[in-house]
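Each of the two complexes below includes subunit A, the first together with subunit B, the second together with subunit C.
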Partner chain A sequence: MSAAQLAARGRPDVIRRAASIGPLYVFCGVVCLALIVVAVVGPWIAPHDPTRTDVIEVFAGSSPTHLLGTDDTGRDILSRLIVGTRVSLAGPALVVLLSTVLGVAVAVTAAWLGGWVDAALSRVVDILFAFPGLILAVVAVALFGTGFVSPVVALSIAYVPVVARVLRSAAIKERNLPYIAALRVQGASGWSICFKHLVPNLMPLVVAQAAVSFGYAMLDLAAISYLGLGIQPPSPDWGVMVAEGQPSIINGYPQQSLYAGLLVVVAVVAFNLVGERVAQRFETAGAR
Partner chain B sequence: MLTPAFVGRRLLGLVVTLLVASVVIFGSLYLSPGDPAALLAGGSTPNPEALAQIRADFHLNDPFWSQYWHWLSGLLQGDLGRSVVFRSDVVDLLASRVVTSLMLVVYAATLIIVIGVGLGSLAALRGGRISTAVTVVTTIGMAAPTFVAAIVFVWLFSTQLGWFPIYGSGSGLVDRLWHLTLPAVALSLTWIAYVSRITRSAVSAELESEHVVTATSRGLPRRSIVRHHVMRNAAAPVLTISGLTVAGLFAGTAVAEQAFGVNGIGALLIDCAAKQDLAVVQVIAMFMVAAFVVINTVVDVISAALDPRLVASAVDA
Partner chain C sequence: MTSPLLEIDRLRVRLPVNGAHRTVLHEVSLSVAAGEAVGLVGESGSGKSMTARAVMRLLPPRAEVSGDIRFAGASVPEMGAADLRRLRADDVAMIFQDPRAHINPVHSIGDFLTESLRLNGKVTRSAATARVVALLKEVGISDAERRLRQHPHELSGGLLQRVMIAAALVAEPRLILADEPTTALDVTTQEEVMAILDELRRDRGLAMLFITHDLELAAAVCDRIGVMYAGSIVEDRDARELHERSGHPYTVGLLGARPDLLGDRAPLVAVPGRPLSAYEVGDGCAFRTRCELAQPRCGDDVPQLREIAGGSVACHFAEQVLDSRKVVLPHD
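What follows is the complex of A and B.
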């Protein structure tokens, strides 16, 4: 037993648990929680109106009124980052939700029905793998226009094959377990077995997959916003802010791009580390 | 052994995937609500004569499969169609840009393979402090998405250092490479880190394997063990991962080119998507998907040649 573990004994349960998880993960967890809180209450805690321009206070440096300074039109950078948190987290959350639901549906259908259905679905999944998420998103934007919805839907579809492939093999293993056969003998329908038993038993793996995907989805969506294909200005979004600030860098005002870029990196790293940790936990729980 | 049957199956899979992908990309035209002719006009509202012209140019009055066949056979013969938005043949739009993008991809791929494999092997073979240093560097690299790396570079090199140009494509071979340096580095950072991690674990695993321990105990020189027993065996997984990475680089050019104002097909793709110029988007998307699938197939076959066990497992599956 290490010194840290010894020291952790006798402390309240929360602290002991935190110590056993490791300070890095605790820190990342706190960052994630803080971001989620800001995403919810952002518009109320922002010190300024994120879209109000001010011709006099252009490119202001850090000051008590503008903690992170202002951008090329005098808008408060901190307020824009705070208000932009909601859309920057909601996008990846939706991608994870949609791709997980679709992926579970594909995986369970393929595993349960087997035969030609399985073969056909597996082939579709293989072919979807050939489409990088960014390409699907770009095609979607070309068809339906820029904005929040097209890239989110396109990325969700692009993430389905990853979810489906992992869950399909797990679902096949689960389907071959004796308890499923027992339920069938008792006359349970395929639907009820799938929904009441198969899917709930796959949940640990589903959560693990979702947790890991979140950071990647966030990165992809931020890149799409940066390219100008996602949320449109003047709505504050981290990716958009990085792009909007870029022309000013050469004039010696890198604040906006750097702060927004840094925030993307910090958020992605925090969610990734926490996600991987959650995944480890749930995968061992799933393996029993 | 690398049997003709294995290569044949891979080639067949390649062709089937490309055909289905082409149907999806071409058919996407009909996914959106509204008149395809108006869509091809790029969001603007042209007069009825112009719409009729577009319908005739794109054979929109023909049955779907006939349109598709026309499009695909055109692609294969180098007739890539016409951009209504740019009022130009797609071939002319792509011609000069493809070379720039290919240079960028090759540049980034070289950096990824040389530095990634180099760092990974170094960390595994030397261990100790070098290994720790590589861990730190790769952790930072993994967290650096292309567009954030790009703005950091623009900041550093425009106002602080000024060693590299931060905008444009340049002219002439040397000047072009010079202009592509920052985009290539920004594009490859994450993947250098990724490849070096995979390399490190592959090489470490081989170093601990029984046949290497046996070879060491028999007193074979370390240099020859590393070359013949460690690197040779670690090559297959490293090659697979590097290949996958390089195959994905084409899609990544969009961000790198846009960030540094490089005039390549990635930047064109983004520009055309924003202007809803579907004819060009379809061609570039098809090209990028094809590049991805072809490189993957080539890597699969080379890996199988390096490690015959992969063929056996592929046949079992």
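What follows is the complex of A and C.
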């Protein structure tokens, strides 16, 4: 028995489980949860109005009134980051939700029907896979205009192949398990087998894939905002804030870009690690 | 004579293997009357399970099937999706060798058992549960209510197989296909599970196609036995007569190759050689390479099943085998 296991004995269940998952992943999980909470309650906990300008207090450093200082128009950076959490997380969340629903549908259809349906869907997925999400988003913005919706929809479509590829092979493996044959022999229809057995049994992998995609989607959306193609200022979005704070870096006031950029990095890393850990668990559980 | 419940007529199955098609069933003809239990006995790979899977249309995609399978007069290979579903849901149930692999591990036993009822029978949840509880009691699971909340991994293999049997009976089918239902269990559990299955089957007057490699077991629970070798049925005979009047050298060999706990300790007689796969069989009798009686004629003339001494045997020398079994039972 290892030292960690020994230390874990006799402690309450929550702590023991946390110890078995690993402190890094627990920390990441806490960060993810905290971000989600902030996204929900942001407007109420922000110390200042995120859009209120103050010409006297431009580029203020950290102080008790402005913990992270102010930007070029005297807006409180901390408040803008807090309020911006919602839109910064909602974008990736929507991308993940849409791409997961579509990806699962494609993967399960291909795996279940097999044959030419599988071949056709797989080719489409391969073709789509060749387009980077950012390019697709830029094209979508060019066609449908800047804002929240078009980059999100474009990225959702761009993320479908990633989800579909991973889940298709898992769904084929699941579909070939004897219990599926047993269900068919009981006279269950394809629909009910897929919805009540196949998809639910794939859920751990779906969730893991979603968490990993979430990190990437956040990065992509931040990049799109940074390029000025997504959320438009003065709405406080992290990507927008990095872009807005850029000119001030040369003037010696890096705080806005720095804090916003850091927050993007922290959020992406946290969601990615949690996702990978869940995926790992799923794999070991599958190997049993 | 009324037409049998299940009639397999010259069934031939070829499966795709590495691009080519391999024969797994040569020409299987078999019938099961309503309420009758028919055993299908043979070595691994002789095509027993494949026959059962063909009846349920569970063969791999791109399998080539010829011949006919009729259930209550309706041709199974020609059934449309709706009829096939009705056949699977209402008329024929299957019990598998490994219950653990054939039950969704994520669902509770209760969900597993009531699912088909709720899907096909349009029964309320509570009515379905009541019926399932009663069934579980019949298969010898006393604390049924507790079991319903448990998951497959919490049950032993024997219990799980009883759950499987209950699941097979839940839809009140007319025919049960039991594919080595006790092979994966301990010997003692085996006996219990088999006794339960046998009793419930008799009570309900269900027909059963019982697949096993255990000739003894088959003879105990079946009315009639078909012996399979390399994708063909070589002998089909009343179970009680098989011991005394087997007409195929392979059946005789199988009977000799089992230990006798009560009799004297005569050395076990193995059937010499290795079992042939169906695709390896060229012209002639599949068993000739292992047969003591083999003559040049067996090499190019495939023996057909023919009526002899109250059963059917596919051997040119069936009369000889029936006359004197010593010929093929060499005690050194």
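Here, the second predicted complex is superposed on the first by the 283 of 288 C-alpha atoms of A that agree within 3 Å, B and C clash if a C-alpha of one lies under 4 Å from a C-alpha of the other, contacts with A are read in each partner's own complex, and residues count from 1 in each chain.
In this section, a contact is a pair of C-beta atoms (placed from the backbone, for glycine too) under 8 Å apart; a residue touches a chain by one contact, two chains touch by 3 or more.
These numbers come from a predicted model, not from an experiment.
Chemist: Would subunit B and subunit C fit next to each other on subunit A once aligned, or clash?
Modeler: Subunit B/subunit C on subunit A - fit side by side.
Chemist: Write the angle, vertex at the C-alpha centre of subunit A, between the C-alpha centres of subunit B and subunit C, to the nearest 10 degrees.
Modeler: An angle of 100 degrees, rounded.
Chemist: Is it subunit B or subunit C that touches the larger share of residues in subunit A?
Modeler: B
Chemist: Tell me the contact category for A:185 with respect to subunit B and subunit C: first, second, both or neither.
Modeler: The answer is second: A:185 touches subunit C but not subunit B.
Chemist: In the superposed arrangement, does A:127 touch subunit B (first), subunit C (second), both or neither?
Modeler: A:127 contacts subunit B only, not subunit C.
Chemist: Applying the document's definition of touch, where does A:264 land relative to subunit B and subunit C: first, second, both, or neither?
Modeler: In the superposed model, A:264 contacts subunit B only, not subunit C.
Chemist: Report for A:56: first if it touches subunit B alone, second if subunit C alone, otherwise both or neither.
Modeler: neither
Chemist: Considering the aligned complexes, could you tell me the closest Cα pair distance between subunit B and subunit C in angstrom?
Modeler: Minimum C-alpha separation, subunit B to subunit C: 11 Å.
Chemist: Residue overlap on subunit A between the subunit B contact set and the subunit C contact set?
Modeler: In subunit A, nothing is touched by subunit B and also by subunit C.
Chemist: Which residues of subunit C touch subunit A in the complex?
Modeler: Within the complex, subunit C contacts subunit A at residues 56, 58, 61, 85-90, 93-94, 96, 98, 101-107, 115-116, 119-120, 167, 171.
Chemist: For subunit A, which residues count as touching subunit C in their complex?
Modeler: 114-115, 177-179, 181-189, 192, 196-197, 200-201
Chemist: Once bound in the complex, which stretches of subunit B touch subunit A?
Modeler: 17, 20-21, 24-25, 28-29, 31-32, 39, 43, 143-148, 151-152, 154-155, 158-159, 166, 248, 251-252, 254-255, 258-259, 269-270, 272-274, 276-278, 281-282, 285, 288-289, 292-293
Chemist: Please name which positions on subunit A make contact with subunit B in the complex.
Modeler: Within the complex, subunit A touches subunit B at residues 126-127, 130-132, 134-135, 138-139, 141-146, 219, 222-223, 226-229, 239, 242-243, 245-246, 249-250, 252, 254, 257-258, 261-262, 264-265, 268-269.
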